[in-house]
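In this document, chain identifiers A, B, C and D correspond to the written order of the chains, with residue numbering beginning at 1 in each.
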């Protein structure tokens, strides 16, 4: 198991630029989620539940910025808004899905965090935890078989709770057997909904599992963007170089409820006030200012600009049509003519 | 991970007696399986397939002799004839099931290795690999909840191939969370049907997984009865003492096909002739003679006596009635009156 | 004191825990948190050590329940959503469903499946899986439609020595209220005539009973008396009560919320046709959800499942035959 | 050159590998070993790197196939026995079945399920799961009964852009032989009239087609002309061909080997009743296996599934109505 510490020497200008880029990804994700949270609470506009990645932006975005859309595969999970932004998912896709606008990628058929564009390498998760890991493995296997894998990787994430699923185990084991360039990031946010880690697993740290799969394990303080960046850069590089699956555990806390309906009263104050409870975005902001990469007011200006974009998108989406059941093609098959009439 | 070596000092008279008892269990299992194999090949009498534990008797029996029927739970798998003998399963149950006699515990409804008597703590496996681990965990949990667990343990086994199932993962993780006195013995016989280990997992040894579950791991040369005995004694004692689940990996080879229909041509000669390919029964026999615990002719006499018993049972079972579809109660429910008529 | 359908489920679990020491509850987030829907609220405090949080491991959860049942316990398992029971499918159908038949060992487990659609829930938090489980031998499938049935049938399920799939409808959780709890009702396996009529019969179960009743109201305005039968359990399926109803009405529509291929409504139609062919004045009809995954957007969702409007239309069609 | 049903499946896979570079095979022991039933014998040698041994991980195997399909591959997955697909159930129904509908991304995977009973195989190596998968939207379920269909429908399945559950019957593997392979047959979704008749129709699929044909032979001795229809695929289900047949015979029996609650035979009866009520001279009948797990002992197994004897009896009953 590897933990990479970030020393002052690591702060090259190049690293600083990456850090700033990742920060902007995080900031945008936070603002988008804040907006959707507010719309949810004000009622009426958001369709379905809202599950946020607040506090997990450094870990999610830290992986996302290593990936290249058009080349890599990415299967984000429920708290990966930052990873999605980094991967280049359009803001429109986010708001159209949450607000149930018909032109979104899911056209009202599936919602919020389930959105994706598989043909562009952005998989659309199903709810069943653990189920996406093998799908990413399959993408990679097929590409390798077709001789067009190159140095692409596939990445997906999972929570502490999701590691208890058989699906997770089967898929990681299989990927290890096939030595696929798969990155699995485990966002250990100490809780699965209300269930604390000690009711979820009995090992000391989840990265202890890496050896049992024969894969490389990495551990990171996920509230620290610098460590996230350095670690994911190394892990993704190792996968690209043929090192097989990489298991990266990030320790952190989600700074929201499980969903916006949940007040997370089950999280003890002691944990909230521990190192785990730090807000990665604030930490990164302080770091940027301290290192003189940007000033507070510059950061505020970025935020204001993004906020304006977001507000404009929301206005646009609010005007878009909603799905129309009469125009809906009620067919689950892609091949026409496969469908049958059920006499009613 | 612990490996216990057996030194000369371990060979106390007490250990010698245990060794002899375990040997007799192994011998009986081997003779029973030889008989059923012969009946299978001669055709006509055996119903369904025959899956033998030849070569795995030391590992299976070594666990079985630690268990007490009426107190412990045991869920044997396909290569656990020795464990069954040690646990006290009747010879009649074995032959009645294989030969399809109606009075057997499964009454023709299920067959061969699927037999069991759950109410006596001997679970009846379903075929789906990995599925029994959680069932044993459930037995233990219920007993603990009812305050009648005492120092009982539950034991089950699995093959190298079975460790790739999600069911195995979920169950072992859950048992670790509940710190249940569960022993899982992994008979790593290098192949799952025809599939070699390098197509099944990528870790160095399967016991490397113990740490990732937070359970104690043990490794044993499973062709050596002495090591099996010493290890299982320690592992079972630790579970009885509240040490939680124990994962015991035994390395060996099955000295038969996957089933008796299979010639195992896929097993390379190099492995056959390696240490893994040693016959645990012959090794134990030599050990007994070398240590002066019994003579070759005494061992032969034991075999002759057991063989006679076996032959008598086969004759008896051959005369017993076969299941009669007209007398069969075609109801899957235990509660009468739940059944419905399907108009035909 | 009024009681919702959800509260009835909580109360029944309270009662089961209180009166039968063999009962325990197992599921994700059901302990201190009280469950995703609060169906176990407060129970872990009242019954320490008997309301247990599980890891996210549906396969193992079912296995644990089965093992516990072998040891004489009567576990109630909560799936967070019915849809996630697909991960425990193998243990449910192959281990629980076969245990008694193979070994003569009863398997008294109850698996609670928060089922059915609600707006905005989408393809993986809306499924009705009764037809899937009913197809396999050895499982009892109950589908309560009322507050009383939610309460009493859950207690009956716990009492039953066979594995029960308890399909509780999420849409009824908060919407359905009773002023007070009634006395013990019909046993599992008996359907109930909810509303007598003479022109046609609607057979429904779970949330669809209420849509059917509203459709019957609508048609009453046109002078039709529609009989509404609540199946209550889809396995066993009470063919006799259905035959009695058809003897009176001669026309039958079966409504279900699950997917249209096979399933409850097909089973009902097949039985009725076989046994009551001569009583039928019109072909038995059925109405199900559409043959696609369950849509997320409420506009689509409302059109995907049967509603009072489509039931009314179908009935008009049936009455015209 | 004669060809068994099993050989046809092997040959079809050979052809698919040979003509479509997107095809690969994935499953337990299917490589050098050639599979538990030898359905992939020799293929790993002929197509190196495209016939891959998987770990014992049915959930992940299905996930891998889906991922590969997203990337443009057309994988054929072998389950060692249909029964073990229960472990991959979630990925099959929730991931494969919904992919296109949710994301407009086709999912051209074929999952081969060695299905159905053989003597001595017991509850977990004998199941017919077509009804389970057909209930969920988005899956095509084919059930070939002949050597030609085994070959051509497997190729058709690979060509189809939707997920196909290919239910091949183990009892036919060695028992069923053809002298030579015929030309490309009907497309998936079309039933075939295997034997024309005018007194009654038997609808069957997979191994039951052959039992039905033997029953028709028996009844021919009594002067009855029984029409036998082979469904070929149970989803889509070719209602039109059935209606045509009923228009001729007025009487119908549907035979299936899976469990009796719901499933193919109920679906067939429900459709026919709805659409051809006026054509029926007798209530549509169905005949399935019994509602218990599938017994291990051949004495019990033979009585559990429909046979020529019970089909003949049912037909006599139907003809007498």
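Keep this in mind: a contact is a pair of C-beta atoms (placed from the backbone, for glycine too) under 8 Å apart; a residue touches a chain by one contact, two chains touch by 3 or more.
None of the values given here were measured: they were computed from a predicted structure.
Any chain that touches subunit A and also touches subunit B is listed here: C, D.
Most remote from subunit B, judged by the distance between CA-atom centroids, is A. Between subunit A and subunit C the centroid-to-centroid distance comes to 36 Å (mean Cα coordinates, whole Å). Centres computed as Cα averages put subunit C at a distance of 30 Å from subunit D.
Distance from the subunit B centre to the subunit C centre is 41 Å, each centre being the mean of its Cα atoms.
Contact of a single residue of subunit A with at least two other chains is seen at positions 106, 109-110, 114, 126-128, 164-167, 170, 173-174, 177, 199-201, 331-332, 339-340, 342-343. Touching of two or more other chains is recorded for residues 54-55, 57, 59-60, 83, 86-87, 90, 94, 97-98, 101-102, 123-124, 137-138, 235, 237, 261, 274-275, 285-286, 290-293 of subunit C.
With chains as nodes and touching pairs as edges, the resulting graph is complete, every pair of chains being joined. Residues 21-22, 24, 49-50, 54-55, 57-73, 75, 90-91, 94-95, 97-107, 137-138, 140, 160-162, 188-189, 235-237, 239, 271, 274-275 of subunit C touch subunit B in their complex. Put simply, subunit C touches subunit D in their complex at residues 83, 86-87, 89-90, 93-94, 97-98, 101-102, 123-124, 131-132, 134-138, 235, 237, 258-259, 261-267, 269-270, 273-275, 277, 280, 282-286, 290-293.
Residues 164-170, 173-174, 176-177, 179, 198-204, 206, 208-215, 244 of subunit B are the ones touching subunit A in the complex. Those residues of subunit B that touch subunit C in the complex are listed here as 105-106, 109-110, 114, 116-119, 123-124, 126, 128, 131-143, 145-146, 166-167, 170-171, 173-174, 177, 331-335, 337-344.
Of all the residues in subunit C, the ones that touch subunit A in their complex are 28-29, 31-33, 36, 53-57, 59-60, 81, 83-84, 86-87, 119-125, 260-261, 285-288, 290-293, 295-300, 302-304, 310, 314.
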